[in-house]
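Please go over the structures that come below.
Next, two complexes with chain A in common: one pairs it with chain B, the other with chain C.
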Partner chain A sequence: MAKYYDIDDIITDEEIVAVIFQKAASGVGIDPSSETDCVEVGSKVELPFWLAHELQQRQAVSMNIPTSFNQNTRLEIQADSACVDLRSQCPYFYEFGCKIAPLVGARNIGPLLLSAFKSRYKEVLTKAHTAAFTAASKNLTILTKEETNLYEAAQSSMAAFKKWRMGGPRFQKASILGRKRKSNE
Partner chain B sequence: MAGQSDPQLSLFSAEEVEFIAEDEMVEIVPNLRMDALNFVCGDFGPFFPQLATQVPLWLAVALKKRGKCTIRPPQWMTVEKLTQVLEAERDSQRVFEQLPFHYVEISRLLFDHARDDIPDVYMVRSLIEDIRDVRFHKVETNLESLNERAFALKINNLSAMEVNIVRPFVGRALQAFYKHDSPDLIPDQDRVSDRRPQVANNATRRHLRR
Partner chain C sequence: MYGRKACQLVKELASGEKGQLTPYNSDLFDQVIAECSQHHLELQSLIRKMQEEGLDVQTTRNADHYGALIHHLSLVRNKRCLMAYMYNRAEIIRSLIWKVGPVLPQQIQEKLSHTEEEYFKKHSGALQSYMSRLDLDLTVDMVPPKDPYIQVRVLDDIGVVLSDDKTTNFACHSMHFLKRTDAEQFISRGLMEELTG
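Our next item is the complex of A and B:
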């Protein structure tokens, strides 16, 4: 239940999945290009994950593997996972994969996620703690949300440590006390 | 800060770690006579001139600021000892040297307030910086070897400030590895783990020290 209020979880559910309708649905205007309001059996529609999940439980649709996990991406990741731009494809790559895996029935999504994360993790780690801001910006744009979290956690703790080491007064004067009163004309 | 609104981070800020470090005992040489001081944490004194006494670091710094004592640097803070530690750190790839738990904070406080009490203060300072750098690089290289079987991490002889820096990162990384390695996601896991000689369950603890 902790996931109910989690913003990342909610946005993950918004990812688009291609589904095939097993039953005809009338009165729904899902596909804006069709003339009628009905959806035929066997038609392919793009739905957000939360809707597709519910419909699949009622056996009204069957889900395909989303484009982010298709063969092309798989080959890219196996070639060199550190450079794959996952954010433009799907910024919630890992969470989405975890949700999709039991539903679509493809057994190789799990190990794919794991191996991708393992190798990218090494890259994140070496750059996170020590790199200067400008050098790391190229890497930042290709990280998913989860990896960005990791990266920022390390960066902020490192920055706090450096700031502490520089010294400075332990008590900070509140900024409101420093403002001089405007003289009344 | 300790009471942050984001419950996942839950780290101490650097100032808080320093605050905890100030409880360590150091030796001071007072230059005046004073009666015993009674605090909640204990009684210190009475203080006689030129007689060394053990007091907590916060008290020592406070007395030093008022010019009532001189602080004697602790045993580990000499040039010879620190050079030894630095050599040992550079030699081994995985072992961390035995250093006081709060050495970073204690050294910073002493440099700030008791600079004239430490012999060869610049040498000592640069040695401590080098030790800190070498140890941190070691931590990073060892963290790279984290893989999916790691449920917990054990590193010996790491100091408080170093632990505090890596704490959020390591916590999140371990969480992410655990999430991706769950058994329903990887159906072949049972078959793989049966081949290995396991003692209790699937998880093996990753020891970063030989």
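Our next item is the complex of A and C:
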């Protein structure tokens, strides 16, 4: 429960998983293809992960491997990991992968995540340190949320280093007020 | 889909820049609460149905049980989203007093709900009374300055301000040589900027 209030964790749990119901459930409107508000045994429904996970623990559903971790993505990542648009696949690719791997019993998700992260991390770090602020936005669109955080951390550490070397005003406008004027950095 | 609205609420928090406050979305918040009461009603009716059939609610695993379970899980999920929304906003609000001081600018005030404003006032009140008991201003800059005075330029028309025993007219674009502690508040609120030689 350490992450109860964690925004990223909550959004990760909202990822959609396809499940097959092993038990019937009545009085719920979660199956759009069904006309009554009942879910029959064997019906295939797409559920958010938080619901699918709990139901699977009680053997009510069986989970399929989400499309973001299927063979196609695997091949894409093997071909050139740095250029794959992981954000549109799944904005929390790594976190979600870690959550789902033990549940669907796919042993190859772990190595896939590791190899994808290793090769993309290098890319992220070099770009964060070298690219100008304006040119960076193009690269950002294919990064997952976790990678974006790393990217921003790298950039802010670069900015802090520059400030330490050059000196600058000690006081600044509180960042919460937004930036109306361009800062003269 | 269940829980979609609650997640939207949380996503709204995440979509803003880090440490920035988004306007309080009371409309969506109320909608999620309404969804919760709906879940509660359906959960109760399913349980009642099981009781009427003479089944043991604790141990039966029929379709009604799983239906009720889904409603229960959705309730818990909605609660988590709502709690996270309030908690993360409260965290930002607590940080406000350290960053912008006890008086909130208009642009922030309109993003807060009524209870959040109350919370901010009470929190800053508690901090103020603590500081007055210590006889120490804790909100000033932590790094000891090299020079107690700094040069600033006024960016907005502040008007005549009384500091120590003299009054100063802070007209727009004028430059002043001020005590650091006096200038600090104006700078963090964006009314002045520090000039470095």
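The rule we apply is simple: the second predicted complex is superposed on the first by the 164 of 185 C-alpha atoms of A that agree within 3 Å, B and C clash if a C-alpha of one lies under 4 Å from a C-alpha of the other, contacts with A are read in each partner's own complex, and residues count from 1 in each chain.
The working rule: contacts are C-beta pairs under 8 Å (C-beta built on N, C-alpha and C of every residue); 3 or more make two chains touch, one makes a residue touch a chain.
From a predicted model like this one, the values you see are computed outputs, not experimental measurements.
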{"item": "Which of chain B and chain C A:50 touches, first, second, both or neither", "value": "second"}
{"item": "Which of chain B and chain C A:164 touches, first, second, both or neither", "value": "first"}
{"item": "Partner chain(s) touched by A:60 [first = chain B, second = chain C, both, neither]", "value": "second"}
{"item": "Partner chain(s) touched by A:4 [first = chain B, second = chain C, both, neither]", "value": "second"}
{"item": "Contacts of A:20 with chain B and chain C, given as first, second, both or neither", "value": "neither"}
{"item": "Chain A positions touched by chain B in one structure and by chain C in the second", "value": "167, 170"}
{"item": "Partner chain B, residues of chain A touching it in the complex", "value": "94, 98, 101-102, 107, 109-111, 113-114, 117-118, 121-122, 125-126, 128-130, 146, 149-150, 153-154, 156-158, 160-161, 163-165, 167, 170"}
{"item": "Interface residues, chain B side, partner chain A - complex", "value": "9, 11, 13-15, 18, 108, 112, 136, 140, 143-144, 146-148, 161, 164-169, 172-173, 176-177, 179-181, 184-188"}
{"item": "Residue numbers on chain C that touch chain A, as the complex places them", "value": "1-4, 7, 10-11, 13-14, 19-21, 42, 45-46, 61-64, 66-71, 73-74, 77, 80-81, 83-84, 87-88, 92, 95-96, 99-100, 105, 107-108, 141, 143, 145, 150, 155, 183-184, 187-190, 193-194, 196"}
{"item": "Parts of chain A lying in touch with chain C, wherever the complex brings them together", "value": "4-8, 10-11, 13-14, 23-28, 30, 38, 47-48, 50-51, 54-55, 58, 60, 167-178, 180-181"}
